[in-house]
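Across the two complexes that follow, chain A remains constant while its partner is chain B and subsequently chain C.
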Partner chain A sequence: MSVKIDTRPIWVLLGLKALRPLFFITLAASFVYIIGMPTPEGLTPEGQKAIAVFVVCLVLWVTNVIPLAITSILAIVLVPFLGVLSTRETYSLFGNEAVFFILGAFILAGAVMGSGLSTRVALYMLSRFGSSPKKLVMVIFLLSASLSFFMSEHAVAAMLFPIVLEISKSLGIRPGRSNYGRLLFLSLAWGCIIGGVATFLGGARVPLAVGILNEMTGRTIGFLDYAVAVFPLVVILLLLGFFILTRSFPLDIKGVEGAAEALGKRLRALGKIGYTEYAVGAVMVATVLAWMFLGRRLGLSSIALTSVVFLFVLKLVRWKDIEEYVNWGIILMYGGAIILGSSLHKSGAAEWMVNGVVGSWATSPWSVLLVFSLLALFLTEGMSNAAVIAVLLPASIAIADKLALDPVLVTYAIAVPAGLAFMFPMSTPANALAASSNYISMREMARAGIVVNVLAWVLFNLVAAFWWPLIGMGY
Partner chain B sequence: MGKYLDKPASLKIDLMLRGIRIEDPVVQAWACGSSGVDILLPRDTLVNIPCREVFTRNSPYTIRRSGEDYFITDGRGEVPVKLVPKPAFCGGSTSTGVPFRDIAASHGSYTVVTPSKRCDFFRRSIECKYCAGNFNVADGPDRVYTVDEVLETVAAVLKEKTSGIIYLSIGFSPGDDGGIEFLKPYIAAVKKNFNCLVAVEALPPKENRWIDETYALGADSVLYNLEIFDKELFEIICPGRAALIGRKRYMEALGYAAKIFPNGTVASHLIVGLEPPGSTCMGIDFLTDMGVVPVLPIYRPSSEKDLRIEPLTTEIILPVYKHLYRAVKKKKVNLNWVRDLSMVTTPAEIRDLVDDSKGGLMDSFYKSRLGLKTAWGLSSLRRKLRVVDRDPDGEH
Partner chain C sequence: MKKVLLVLPSYTASEEAAEFAVRRAKEEKAALVALYLIAAGTADDVFETFSDIGFIGDRPSSQVSEAIMKEYRQRGYEELGKVQIKTMEEGVAFEPLMEAGEPVEKVLSTIEGMGITTAVLVKRKERAILRYFQRSYADEVAERAPCEVIVFAGGHGPIKEEKKDVKEVD
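Up next is the complex of A and B:
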């Protein structure tokens, strides 16, 4: 149990408790009001209902008063109930490829972690290359990033956190007092965040975005295409991120001998590498290669699921162990988000909203990219990145349609910045873990994070303007 | 009338200091086997009076019986008193055969339950010098009672309706949590099965998050007993506490707990008689400044091997207790929680020595069963409002 005690006056807490029922009553009333009001011109009755569902889900996703997955279930129930889509169509959307890709990725990551392979790689890299304070920070930063190329950044952060904590303790640095402590934990968090946007595997948001794109337009994005498109952004962000980190928190220790000893001890405790680790490693490498070179032909989810079958055929994992790593909540959330996106699109609501709300300023492709990437970057600081995609993507695809802009580009403009939350602990679990160590305060995290956030936005748009045309995706 | 007979609070202190001689065979039989005899003085003042220790042989006090009535006399006067029946649960045992009295001991409105007699200070020979050795594992089997055994005991205690508060007590255990991880299943089980208030008497954990956890688990009150306020004497008398926890951490933990728990539910013992009275008074001020209730037990050496100190007199001690009452009043520390304890004179009992107020309606209300139920309800509601799960359902 991890708890916090709210020490605000009791009357404030009582008032806040009373707000919850009031909140739901107001939300329900707004929902009924939107459905009951006369249908505006240019909008179909189905579109109006889809907007009502969208508003309710938007509010619930932003406020997080109920779990994201439950909001999605609400969407799944309301869409056919209000006749926006038929029941059959609604539930069939749940069988979207993205959902199964995410499931496969969870199981693969679970196998890598469960076998101990990822921990071994991490410990080896740290003890092999982290011989000085600066090198150690750099290894943590790059290791977090590169591991996040292959597995969910959240899983990487959770896996490396205890190791970094042990390093800090073995170095005798005290929480809140040491720049080096700040450096270690921010390197972990930022490494995970930047690495997490590099491929489809860093988080489930890119597959979700591709899923929505696919349902709305029939288009898709390949595994390798995506990695190539964001490659310069990731490389430059890694360089700049490390530079900002070491400038913001200058080194204040001289040696890291204590850490080497602690890491060596952990590594020795793992024993020698065994069959399971080799085999899981081989399956993982084969899967990534297949995603890169056969992804378009065979489909990413089919490759992921084939690898999952292999893991079980080779008896490398047990279902009981894997269940621990599969986040069913995220899978439900994504299914619901895809259904909601489709209902907005198919009922014409997305297009109507775009015309009415953002039509006036979204006059050129570059302004669409600039504004949506900024919105995604801004919203993701306070909202789940999956929710950001569910909220922004349907509207942005409709705008792209209107401006004859490739919808794939706006998918990038939302999916990538939605993963770049550097400022607050609540923005992403990697930050939350770093802050929970008490080595870095929220203020310090926000101060350093805002600089990278601004840089990330500028860089993303520069990459879109100058790199994408070179690889044939200009606007 | 004798010197202290007319004021129950001062009489309680004097009796605790000097003990009582029991000559009447009926009373002797009544007190048989226990270290002290529980007696109800006028104004419902409960006291546990030493009657077996060597120092009690010189006490001016005796108990006189006249038919069904009992009186305490000091040779010059007498006051009517009542013998408090020994709790019936003392004769019972758990289904596994453990006598309830091995697990629990009643002291008036509260019962101390010790799920484990372990105190690691004994293993390291740094135990507190005054410790009666109840937790001394060197002297007995390292017995840890199961949750079921503790639950059976608590059920037997609560059935008698004399104690409404269960103190779960634990000695020193290595680790950062101050023993909370160990107590966790016991607190949870007692809270789940009974509508009683639970206090935790432990040593301060190294990190404040364990204090949050203690509150979140269901503890309504917490005691981190500093015992000695004077820095040097603390190090000499409590070497284990000084070396492995430190006086500073006691202060920090108490200050933090006072912010987390309701007013008047965080307490700390300061033993009267092990340091100069002036130092105890400074301790009282320090604790009340933080909103902590100082509880002042009197040191009573019970065997030859115990700490040898010059016995104090009631004249010297009384001003300390009066100071205690004034300090808690001044700092507006709630007195409804720490009251009616047989082993300690509580600030609420001192009231009639300092002012003539009788304590008011609220006081009598909180003493009643309905009051206890209300306290339990309010405490649970407060916890529901204050405890925030850091790991909510949201995903990223």
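Up next is the complex of A and C:
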């Protein structure tokens, strides 16, 4: 048996071994230091403790050294433990409507995926309209986006990835050497990202932001109101995104006959559409319509949960299936994020941070929107979009209070850009998938992504300035 | 009979390495063993990204990582097929292998188990500063292997290694 000898310098080896313990010791020391330091003027002792919890969660969410949901559990434990909020109040925040809306939406998406309906729709659209190289890329891009209007963008990426892999295989294109391969996988990723910000259903970040907004101000945003407010941004981003994709990676194949054959074969293998697919589709459509037109009256979460009950009454899903499609960590993550946001707000920490840190430059509503949307866009490239919302939203709502700005507007300014991470694989699962295919390198993804990121920021602020006043949301 | 091992990792390719290995096997009247290494970690990373960040359930996350593994296996067959064609053209005996898992252990166990006399490895081209903080499997194999080791940096020809058991090829 051979003996492994590491010949790197001893300081490097010791440093690498000690890195993790050292990280946690430093974090714990910083936490104790913030709690133990004299309370600054204008800040309550509870606020000081809330800031200490905030700093620990921020570091853990950015570095990802423990799973995101576990960081949220830490917040859930520390907030009542330090007396920032009472135990009763802390745990009651789990009853927030947003948490149950997210849960219901994920169960519905699980049912759509489990029934095979989403795969059938995808295969049909691709084989029906993807008749040339350019059309095929466009269909993948638009299909990813439009499916992400109705279910989690991550679920859409997971569902479409094997299909796109099969398309690339059938076309005989080689990983890392074909522009068309790059186009196929970036279309999938960008389509999911852009479509994911279009409605409440593209991901859990918008419901989370609305949940925090509701806890802090009592205000809310309707399902249809949100979709109308971001509609121009989504449409223009889709147009520009496709233009940038095809400019950055010019087509280098002439036909897609192989793909049509492979898609047709897969579609035929699914057989005829059955009762389950029809019924799940009907429940999904009815739910979306109810969210749009009855959401304010009945409550989004009540509608979502009613639909979940219907799925079981109609025997469309089994509990076992739902358990396989829904990651229950989501409840901890989003519940914890709402608790952290509320603790910052109720302890006065958010207001204090705003006065001390951003008070000098935040002198006008438009500067607040510009800066917070940029911050959200920047931070989401390196950390989970839910964490971005938990970190930025409490402070931005406090600053909105100070400037007599509608807090709903700053909620948009953070919730929407927090979903627009185009540059890195670690930013969002759709990018991670594209990179794992080896058809596109990280450098190529970042180079094309930064252009869309800048455009997205500019466009978001133009939409806020010119579209929102037209629908009664001006500042 | 002498045996030359050509290691092909799934994340990088080197035509030069394959040609060199076939040439060396022919010159030494050796058999060529081609080992395609599947980077199982990539599929695991994607699973964790979906599960931990995307909060997607186990089944879709597993389906995604299975799709990635299937893709890598198919690429493996293709890469091994290309090497096989080269060996047939040169009249060299050929044996294909495909493994998923920890690369250093897989390569070393193949070297020891099959009595390899020369190993030709391919690694990504890396920046000098990164060598202090992360080591490629090729560097580790070069240090621990009981045979001659030649390392190619992904598609850039053989590179010089400052170790006595690792040869530079002109």
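Note that in this section the second predicted complex is superposed on the first by the 460 of 475 C-alpha atoms of A that agree within 3 Å, B and C clash if a C-alpha of one lies under 4 Å from a C-alpha of the other, contacts with A are read in each partner's own complex, and residues count from 1 in each chain.
The rule is simple: a residue touches a chain if its C-beta (ideal position, glycine included) is under 8 Å from a C-beta of that chain, and two chains touch if they have at least 3 such contacts.
The structure presented is a predicted model; accordingly, all values stated were derived computationally and were not measured.
Engineer: Does chain B (first) or chain C (second) touch A:428, or do both, or does neither?
Structural biologist: both
Engineer: In the overlaid three-chain picture, which partner chain does A:324 touch, first (chain B) or second (chain C), both, or neither?
Structural biologist: second
Engineer: Could you tell me if A:14 is touching chain B, chain C, both of them or neither one (first, second, both, neither)?
Structural biologist: Touch partner of A:14: chain B, not chain C.
Engineer: In the overlay, answer first, second, both or neither for which of chain B and chain C A:161 touches.
Structural biologist: second
Engineer: If you count the residues of chain A that each partner touches, which comes out higher, chain B or chain C?
Structural biologist: Ranking chain B and chain C by residues of chain A touched puts C first.
Engineer: Can A:152 be said to touch chain B (first), chain C (second), both, or neither?
Structural biologist: Second partner only, chain C.
Engineer: Identify the partner contact of A:67: answer first if only chain B is touched, second if only chain C is, both if each is, neither if none is.
Structural biologist: both
Engineer: In the overlaid three-chain picture, which partner chain does A:409 touch, first (chain B) or second (chain C), both, or neither?
Structural biologist: In the superposition, A:409 touches no partner, neither chain B nor chain C.
Engineer: According to the stated criteria, A:93 is in contact with first (chain B), second (chain C), both, or neither; which is it?
Structural biologist: So A:93 meets neither chain B nor chain C here.
Engineer: Does any part of chain A touch chain B in one structure and chain C in the other, and if so which residues?
Structural biologist: 2, 4-7, 64, 67-69, 154, 327, 329-330, 333, 384, 428-429
Engineer: What part of chain A is in contact with chain B in the complex they form?
Structural biologist: Per the stated touch rule, the residues are 1-7, 10, 13-14, 17, 64, 66-70, 154, 327, 329-330, 333, 384-386, 427-429.
Engineer: Sort out for me which residues of chain A touch chain C in the complex.
Structural biologist: Per the touch definition, chain A meets chain C at residues 2, 4-9, 12, 16, 64, 67-69, 106, 110, 113, 152, 154-155, 158-159, 161-162, 165, 169, 175, 204, 323-327, 329-330, 333, 384, 425-426, 428-429, 432-433, 436-438.
Engineer: What does chain B use to touch chain A in their complex?
Structural biologist: Contact set of chain B toward chain A: 212-213, 215-217, 259-260, 382, 385-396.
Engineer: Flag every residue of chain C that touches chain A in the complex, lowest number first.
Structural biologist: 10-11, 42-43, 45-46, 49-61, 63-64, 67-68, 71, 74-75, 108, 132-133, 135, 140, 143-144, 146
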